[in-house]
Amino acid sequence: MNFNETLPLLVLLSSLLPGLIIFALPDERHGLRSLINMVGSTLQLLLIVYMLRGVMHGEEYIYHFTILPGLDLVFKADALAMLFVPLSAALWFLTTLYAIGYLEGSPHRNRFFGFFSLCVTATIGVAMAGNLFTFFVFYELLTLSTYPLVVHRGTEQAMRAGQVYLTYTLGGGALLLVGIVWLYGLAGQVEFTHGGVLAVLWPEYTSQLRVIFFLLIAGLGVKAALVPLHGWLPLAMVAPAPVSALLHAVAVVKAGVFGIVRVVYDVYGVEFSQSLHLLMPLAVMASVTIIWGSLRALFQDDLKRRLAYSTISQVSYIALGVAIFGPMATVGGVVHLVHQGIMKITLFFCAGNYAETLGVHKISEMDGVGRRMPWTTAAFTVGAFGMIGLPPLAGFISKWYLGLGALEAQMPWVIAILLASSLLNAAYFLPVLYRAWFQPRTEAWPEEQIPMQNGRETAWLLLVPPLATAVATMLVGLFASSTLSPLTWAKMIAAREYLYWMP
Amino acid sequence: MRTLLNVTVLFLASAFGLALGWLILDLPVAAVRLPEQVTAQLEMSGVVHPVTAVLLNFRGYDTLLEIAVLLLALLGILALPRHVSDHQHRPSSANPVLQTLTRVLAPLMLLVAGYVLWAGAHRPGGAFQAGAVLAGAGVLLHLAGLLPAWATPGRTLRAGLAVGLLVFIAVAVALMAQGTLLQYPLSWAGALILMIEASLTLSLGLILAGLYLVLTDSGVQK
Amino acid sequence: MFDPMPWLILSPLIWATLAFVHGPGRGGRLAVACLILQLSLAAILAQQVIAGGVRMYAVGGWGAPLGIDLMADGLSTVMLLLTQTIVLPLAFYARAYFVGHANSLRYFWPLTGYLLAAMNALFLSSDVFNIYVTLELLGLAAVGLVALVGGAGPITAAMRYLLATLLGSSAYLLGVALLYGVYGSVSLVALKPLIAADAPATVSLAAALMLLGLMLKTALFPFHFWLPPAHGGAPAPVSALLSALVIKASFYLILRLWFDLFAPIVSITAAQLLGALGAGAILWGSFLALRQTHLKMLVAYSTVAQVGYLFLLFPLATGMSAEVAESAWQGGVLQVVAHGLAKAAMFAAAGAMITATGRDEISGIAGVATRIPLTLFAFALAGVTIMGLPPSGGFAAKWLLLGAALASEQWWWIVVMVVGGLLSAAYVFKVLRQAFLPVEETASFQLLPRMLEWPILLLALASLVLGLVGIEVLSLLGAA
Amino acid sequence: MSSALVYALTGAALFVLGMAGLILQPHLLRKILAFNIMGSGIFLMLVGVAQRAGTPDPVPQAMVLTGIVVAIAATALALALARQLLDMNGEMRLPEEKTGKDRLDV
């Protein structure tokens, strides 16, 4: 086994091992625990940077391990994986920082951070999975490692949310499993390959392939929160803010939608999916989700719930990008994988800051928070504008390419969906911003826990992560055309999926 | 409900019984002829009686496990939780006539057991029958009030209960030095089998008596 | 060449008998030492089987059909290895467990020794009458162990278990008698070539009797009535042994008879019937597990359900193409191994939780997540296998079974497996959820010794790692 | 029909009687007796069918001896358990068997 083979394993271990060690630590060892977390996280980032360089220079990082006859665990760092992996690792790093500040003084932190690390390991496993089986293994591991995070507070409400979460995700997992086993039965063991691998089964197994596609998308759609499979997500809001941030921005919903990307592009192949007429239903489903999520978000007073419905809507942009046939839409969808992550995590960090610093949970309580917490609110504003799609922020880039893609595919109704969704985004974000910046404060904060000190609005550890991600939201938009941007990377991926297309 | 179950079980059982009977009447000729093989190999077994040869040589391994089953049953009874009463249980009818008779009978039964054991090599008999006679003597002694019930056997008694199985295993293991498990060399077969039978007689007698003498005292205090 | 086969039977016989002579409560240390030895013996045997295929051993030097042969093929070696692997950690666990439950220790060690001797002898035997003797040895030892605690509940359970197991072995023995009547032999090796598709009806009757008797002993739905009180009421190490191994012994025999001896005469209809009973077990057992209020009863009903998965093997492997049958067979055996490891861990963990909290209801284990996280973690890992989630051994088994069901287009078994998996998740999380709830400060809590917790984790990890090394088990299974 | 087959048929009848008794009789002592009757039936059958040709066969006879000892062992253990139940519950029967039904709530 050479170094290139072990590298994907090392990336996994760099978050798995810290998690296991943390479980074994006593709860009081805060310093040591934070150190282990940070060392693991930093190490992981370094390894990933090394791998990114390698992938750009055409290196291959593949690891095979046979567990049953004809059944391999495969880890592969291809271009698509290397879009998702750095996102997870970077956001894990920031979220861990944030969580250390957020959970200070609360009980059972070793359990929390242990499962947190497992959850990131599972996400990275999902990202680097080289075939559907490996993908499924980590997809289910993700379910198991996030459950304790959702019910972390141990309240009745959290328990109920946990139960709903499990019912949805395990049910989806079962459908996914049946689909995968069926596919393995038809096609044997297939690795994710650019352009797909199933076209050889045409036309003999067409109807079976359609049923399998339905099973796979239904299974993945649960985590991706496609309407009507989204019911768990708003309830899962009871989890602590860092968990919500990670669940929404990277881990769970992204795993689902990333799976859809993999199935369409690297299993069926986008051209083959199109020829089986599978993409149109998916596009419709994604569009319905986009509108439905936004509509529901309008009527939420709880800030985190509004953000949750916003997630449902925004994540489906990715599915929409996948479902529109054509490279431009692919670029838009794939790049939104990163963009949505950065923007949404910013918003959740900020919501957590309001709750932790001032006890503000509801939008109706947000009058004047902008003056009390200008930095946090600034970050929130950047995230919200990004979501709405104001140029030159991240969200604009995604929507622009999605729109181009829709035109290219001659699906003008998608443009209407995009416009309507942007309007709705504005309708549910702008009032929040208005309250925060322009409404004067008339009463005391519900529960001020962190007082103003030397002009610092809240704890350092709570402030740095949202600012960092807000800056990132601007940078990926401003420098979208640079060689290191997610957009360039997404174009490279699209170029590999559409064999005839040059960016 | 209950009657329905009764009727169902009875119906199924009789149907099964009829089928069984019908099939038994229609058996083909067996393909394997074991009696001939037993007769052919009897000389090599070290005993003259074919049943004893099967029991202790050809299928001696069955017998080894069977001794373990018997010891295990007693063990299972001993392992049952119980609150030992202060007084040792004795049958109330300590009839002097019975006691005198038993005093005479017990040594006689010992003698009979010895004979049955020795006879086993060439005619019906052997360790089980001898052990049963021994156990009968034990039960008789207990009923006559001459032997107390066994609440918790001491180490000596436990050793006696286990010695048959231990000797059997020891012989089986020792024989592995020159062959397989329980492979008797022709010249030693008779002697070894007799040795096993003798120790088995003792243990079987104790175990079978124990099944009675332990049970007698196994009551839980109400 | 050194032959470990007789020693695997003799070793537990010897230490059990010595432990008995030694006296009540004694023999734990000797047992542990001998168990380490037995594990190595099983490993040596596995190597020999992988290298040289099926091994025979003629007890007494006569050879079948006059004498009795021991036989070790892939399946029996897998079972032997599994048995020793489970019993060794459980022995450590039991030593720690009975420190706190000394009043139910008594003759635990000799009974366990005979139980183990019976299982090892059963797995190695190739003689249907000899197997009957081992079955009785196994049944009586198991009943003795169930009765250890005493009290009306366990004694009633033991009695019911004894009657069920006796009825089962009687049916089996009648089948043996019929086989001897037809063919004049009780040796598997001698009988196998004689039984062909045109065998007389008596042979079918014998097969039905033997299989029915063994199904009763395996507690297949609807013959499961005796299992939950017996497994749920026994001391935790005993429950673990019974649920993980004892029912597997009779299931092993069903496999042996179905796929080996009676292979020419079994029908697809019978296989579908067995599968239907298995499906009934999965659904009914899971449903009842979900309804239980006591921790160990929940785990016991989970066993009823998991036994059902084992029987799905028959419709998937009988009368199907060689490839499908192979996959189903491998999946079924992996499920035996995975469930054995996981259920041992689960019962042991349940015992540890009950010891720690002093309460045996599920509602009593609140706060376990913070007080004894290691045990809860082990329970959860075992739960992963029971639910059939990756990367556990249970998942690998389910994968193979699902694959076989899809390939043979028997979609109804897929529905059963999927629904059963979700139901099992429901009852496993019923426990986990409770463990995460906060506990009142006043609740008393007993700290657990390390040797009570670590063996559980070891077993649970083994059930998980099995999912990654399944191919090794399958290569041993396929050794011929 | 040879006399051996008469034994075998008697054995079959005994087995069926014993089996029905074991399942249906509620009294434990009767259940244990029924088990013994069932066992005797098997033993008769084993010996009977084996020597249906007329020549005695020592192998099943030895097996029956083994079987008898095993049955004695099982009977003894069953009696001990029944005795304990008698002492605890005051009667020699299993608490009302809800045949085929499981306790939904324990």
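By written order: A, B, C and D. Residues from 1 in each chain.
The rule is short, and it goes like this: contacts are C-beta pairs under 8 Å (C-beta built on N, C-alpha and C of every residue); 3 or more make two chains touch, one makes a residue touch a chain.
Not measured: the values here are computed from a predicted model.
Visitor: Counting C-beta pairs in contact, which comes out ahead: B-C or A-C?
Guide: The comparison resolves to B-C.
Visitor: Which one chain sits nearest the middle, judging by mean Cα positions?
Guide: Minimum centroid-to-centroid distance belongs to C.
Visitor: Distance between chain A and chain B based on Cα centroids, please, to the nearest Å.
Guide: 72
Visitor: Counting in whole Å, what is the centre-to-centre distance of chain A and chain C, each centre being its mean C-alpha position?
Guide: That gives a centre separation of 43 Å.
Visitor: Round to the nearest whole Å and give the separation of the Cα centres of chain A and chain D.
Guide: Their C-alpha centroids are separated by 66 Å.
Visitor: Quick one: chain B and chain C, Cα centre-to-centre, how many Å?
Guide: 30
Visitor: Among all residues of chain B, which ones touch two or more of the remaining chains?
Guide: Correct list: 20, 24, 27, 34, 38, 58-59, 62, 66, 69, 72-73, 76, 80, 82.
Visitor: Got the chain D residues that touch at least 2 other chains?
Guide: In chain D, residues 8, 15, 19, 23, 45, 49, 52, 63, 66, 70, 73-74, 77, 81, 84, 88, 99 touch at least two other chains, as defined above.
Visitor: In graph terms, with chains as vertices and touches as edges, which category applies: line, ring, star, complete, or other?
Guide: other
Visitor: Name the touching chain pairs, would you?
Guide: A-C, B-C, B-D, C-D
Visitor: Which positions of chain C touch chain D when the two form their complex?
Guide: Interface residues on the chain C side: 129, 132-133, 136, 139-140, 143-144, 147, 150-152, 155-156, 158-160, 162-163, 166-167, 170, 173-174, 176-178, 180-181, 184, 186, 222, 225, 228, 232, 288, 291-294, 297, 301.
Visitor: So in the complex, which bits of chain B are touching chain D?
Guide: It comes out as residues 5-6, 9-10, 13-14, 16-17, 20-21, 24-25, 27, 29, 34-35, 38, 50-51, 53-55, 58-59, 62-63, 66, 69-70, 72-74, 76-77, 80, 82, 128, 208, 211, 214-215, 218-220, 222.
Visitor: Please give the residue numbers of chain B that touch chain C in the complex, ascending.
Guide: Of all residues in chain B, those touching chain C are 19-20, 23-24, 26-28, 30-34, 37-38, 41, 57-62, 65-66, 68-69, 71-73, 75-76, 78-82, 152, 155, 158-159, 161-162, 165-166, 169, 172-173, 176, 179-184.
Visitor: For a test of understanding, state which residues of chain C touch chain A in their complex under the given definition.
Guide: Result: residues 330, 369-370, 373, 377, 384, 387, 389-391, 396, 398-400, 402-403, 406-407, 414, 418, 421-422, 425, 429, 433, 436-438, 467-471, 474 of chain C touch chain A.
Visitor: Name, in rising order, each residue of chain C that touches chain B in their complex.
Guide: Contacts found on chain C: 6, 10, 13-14, 17, 20-24, 57-62, 65-68, 103-104, 106-108, 110-111, 114, 117-118, 121, 129-130, 133-134, 136-137, 140-141, 143-144, 147-151, 155, 178, 180-185, 190, 194, 200-202, 205.
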